[in-house]
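Chain naming follows the written order as A, B, C and D, and within any one chain the residues start at number 1.
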Amino acid sequence: MSAQYSADEMMSVAAARALGDGTSCFVGIGLPSKAANLARRAHAPNLTLIYESGCLGAKPSRLPLSIGDGELADTADAVISVPEVFNYWLQPGRIDVGFLGAAQLDKFGNINTTVIGSDYHDPKVRLPGAGGAPEIAASCGEVFIVLRQNPRAFVEKVDFVTSFGHGTGKGDRARLGLPGRGPTLVVTDLGLLRPDPETSELTLTELHTGVDLDRAIAATGWKLKVSDDLATTPAPTAQELTLLRDLEKASA
Amino acid sequence: MSAQYSADEMMSVAAARALGDGTSCFVGIGLPSKAANLARRAHAPNLTLIYESGCLGAKPSRLPLSIGDGELADTADAVISVPEVFNYWLQPGRIDVGFLGAAQLDKFGNINTTVIGSDYHDPKVRLPGAGGAPEIAASCGEVFIVLRQNPRAFVEKVDFVTSFGHGTGKGDRARLGLPGRGPTLVVTDLGLLRPDPETSELTLTELHTGVDLDRAIAATGWKLKVSDDLATTPAPTAQELTLLRDLEKASA
Amino acid sequence: MAELLSLEEAVDRLVHDGDTVALEGFTHLIPVAAGQEIIRQRRRDLTLVRMTPDIVYDQLIGAGCARKLVFSWGGNPGVGSLHRFRDAVQHDWPVPLEIEEHSHAGMANRYVAGASGLPFAVLRGYTGTDLPAQTATIKPITCPFTGEQLTAVPALNPDVSIVHAQRADRSGNVQMWGITGVQKEAVLAAKRSLVTVEEIVDELEPRPGAVVLPAWVVTAVAEVPGGAKPSYAAGYYERDNAAYQAWDEVGRDREEFTKWLNELTGVTA
Amino acid sequence: MAELLSLEEAVDRLVHDGDTVALEGFTHLIPVAAGQEIIRQRRRDLTLVRMTPDIVYDQLIGAGCARKLVFSWGGNPGVGSLHRFRDAVQHDWPVPLEIEEHSHAGMANRYVAGASGLPFAVLRGYTGTDLPAQTATIKPITCPFTGEQLTAVPALNPDVSIVHAQRADRSGNVQMWGITGVQKEAVLAAKRSLVTVEEIVDELEPRPGAVVLPAWVVTAVAEVPGGAKPSYAAGYYERDNAAYQAWDEVGRDREEFTKWLNELTGVTA
């Protein structure tokens, strides 16, 4: 398996692999949607995809252009209202995995998609805002985050907590009564990070094949901790790459 | 117009006449449903019928056997869930008229459909209970009540307030913040009662053609007040009787 | 994922003595066969929940399955009273029946809260009535923005909810249409759920007004053709109104009822 | 009963300076033509409400129609940022834009409360986030039964809500299908409502998944074929993705945007 592939392809494949068959996944648009759709084609044909537009069990034949793409409604088991998706499906903890992107992520897995800069009222950059993420991060059984690793995105402390990860460390979620386990996995173009079992600090547990550890450390805005038994993500298989590229081609 | 008709037919016709065209009516089963369906056939083709089973704008071709009759769903503009009918349609005060029956009614229009007897836990008669009535009585623009007049049903004070009318008299609804005007009309087999503008006490304002005033007084369990300008309900027209009888025939 | 089971096995596995059980249906699609299977399996001490307990609840109560009823309107729709219900409330026969009484709006919102993973729901309800004095599960709540006082009711989260639907596919996805009442909310609010269906089909063709319950929120599906009789199942059969009227005679008399019960349960007197 | 009006007349009659206006649509059936008519009629000081403000809101904000935005996610879906929105927030151009920021769950529940005639809604939301510190319309509330602390948000009751639907009949009954988002709630929560439709038909044939808004809860219906472009209308046309991408270029630059605006409003520079 020495096919050529990009770092983004490795990221999508690694994210897809994390989704187990027979689980349900609340899917954000962009990288999470790509990974979830790849998973359904590769190893998880019974992965239930839920989009916040109200599509339960969507089985799109191409990547949706938005979370409200008509393809999602046409292929869903049920299309429900937006209030219903949040109240009846997300809030009671029915959904196993919340799959989110982020603009900024800190070492305890807190997500910022609101503002860059310390002043909310006079931000350096105004980002799109919360969308469904705060409650996805709170209520899903666990949360996977996928984003490209660089020091601007991976910060010691997010400028604004849009979606709560592990707060200031282990125990914060329990103290707040948040039902889900929070972020259990961060997939990047360089490797995988998981919360340390003792501290909940995001720790590098896998490097993608061919990625240098120093590069991952340099791409992280905090002093990155590295797992004692750092593993190597297997490269994408030829089958995974074919499925991913077919998916992207069908969506062009 | 000297056709023969029964007191019940007079009651249904008088109740139907009270429903204006172009209004919306939340319809209880039994006498209210009969009257509302007669009104739609007679003078109010644009009367919107709402049944608590979730049928908005039902146009049944026969009298429904229950508030969840399939005929209601088949002919409705929209069929919605039961929570929606109460939360989105009744509660915000969208519905002009609530049309209710009763087991017991008191002189301030309070309705009892819960228990006969003074001890809730050891009742003389256990009745069906509230159903949708408490919130229909609270939230509709006004409430019409239809029931046969006799001293057991028309009591000084109901044994149990299942649905609030005018409480202990004028001003009680406003004090409780109830949005609708409450009972504005009671239709019986003998005549019509309306709340006195000063006291909200139900007062006889019309006697049906051929009914003796003494009979109405005797059929009332409180000292019945009679309007100074007591009117006479015109007898059912031949057309009204035909429509009513056709409706009942189609439902047999 | 929903398991496809026989009705007998589904009730055996899902409904236990002492459970809180909701069999929902708003005059349409009433899970009568499932209720009668609960009687046959002689469940006891159930807390029965339903907005509109009708003849199958009269049967369950008369058979002594229930210790408590949570409800908002109990009657034989279009016919009259539930005599077994009245006998249990007024004369403790065959066993005492505790009641927890609400309005439809309150019950519907209690299921909504249950389905939503919330401990309570807010409504404009019960104002001025005698219900709050008798029902501990009705409390005032104040709007934190306007100061207005409203009513709170606690979530309903039955141990088991049972509904009847027109169809399911072989994976256990359920489809129902017509008047669907609070069935979706009842299933989503429950810890376990059983859906009896008219038929199991290869594919659920989309239909106007259809509600779909995905297989992953349903515990078990049982194929029970006619399982809603004498109520109706839109697209399958009409309401048997004569049966509702006939029940009035049976339910009215303890002896008649006992005969009926012995016949149902296969006891020879 | 809904009146059938031209779009121009409907906006003229229903939308006033200073109003709170919600144009809802969740990537599907976005009432773009109605939003652009508001720009043409030069409405000012609007409080704009929407869960997902996208390019038509970018246009309204860039045109200076709004003084405030109530929202939960503002972006050009699948493309990137809203540059006019960012310019207004970061540089007060062309006028300052106040924001009131929520999550989707909060906004959806605010519409639900508005549609339900309640002053507030309860949810499990915002816990641990920095949003409550910036948004006065997020408050704690305690369950009167369990003592658990949850979150309350106030009802949204726009002066006008505007949505786009596939069809209406001549009486003004509206039918929409596919992803219908919070459109029903937005209309029911509003004091007045306008529905633009692809076509007016003699009869609304029932369709799977269709939501019907009866004429008596709609103020006006305007026939505007293509009124949701460049978003899509299931059964009528697809999303014009190139237009979303092209907007990124136009919106990015004040001069380019001003050219676009002059063209829309018929001003010759």
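Some observations on this one:
Operating definition for what follows: contacts are C-beta pairs under 8 Å (C-beta built on N, C-alpha and C of every residue); 3 or more make two chains touch, one makes a residue touch a chain.
Not measured: the values here are computed from a predicted model.
Between chain A and chain B, the least number of touching-chain steps is 2. Look at the CA centroids: the one farthest from the centroid of chain A belongs to B. Pairs B-D and B-C differ in how many C-beta pairs touch across them, and the larger number is found at B-C. One of A-C, B-D or B-C repeats the interface of A-D: more than half of the contact pairs, counted by residue number, are shared by B-C.
Taking the mean of the C-alpha atoms as each chain's centre, chain A and chain C sit 40 Å apart.
Averaged Cα coordinates give chain B a centre that lies 28 Å from the centre of chain C. Of all residues in chain C, those that touch two or more other chains are 112, 117-118, 123-124, 148, 184-185, 209.
Within chain B, residues 87, 91, 139 each touch two or more of the remaining chains. The touch graph of the protein chains shown belongs to none of the named shapes. Under the contact rule stated at the top, the pairs of chains that touch are A-C, A-D, B-C, B-D, C-D. Residues 26-28, 51-52, 71-75, 77-78, 81-82, 85-86, 89-90, 101-105, 108-109, 111-112, 123-131, 134, 148-149, 178-182, 184-185, 209, 232, 234, 238-239, 241 of chain D are the ones touching chain A in the complex.
Chain B makes touch with chain C in their complex at residues 29, 52-55, 65-70, 72-74, 79, 81-83, 86-87, 90-91, 114, 120, 122-123, 125-135, 138-139, 160-164, 167, 172-173, 176-179. Interface residues of chain C, counted against chain D in their complex, comprise 117-124, 137, 139-141, 143-146, 148, 150, 152, 154, 206-210.
Interface of chain C with chain A (complex): residues 1, 112, 115-118, 173, 184-185, 188, 211-214, 216-217. Every residue of chain A that touches chain C in the complex is listed here, in rising order: 22, 24, 48, 56-57, 77-78, 87-88, 91-94, 139.
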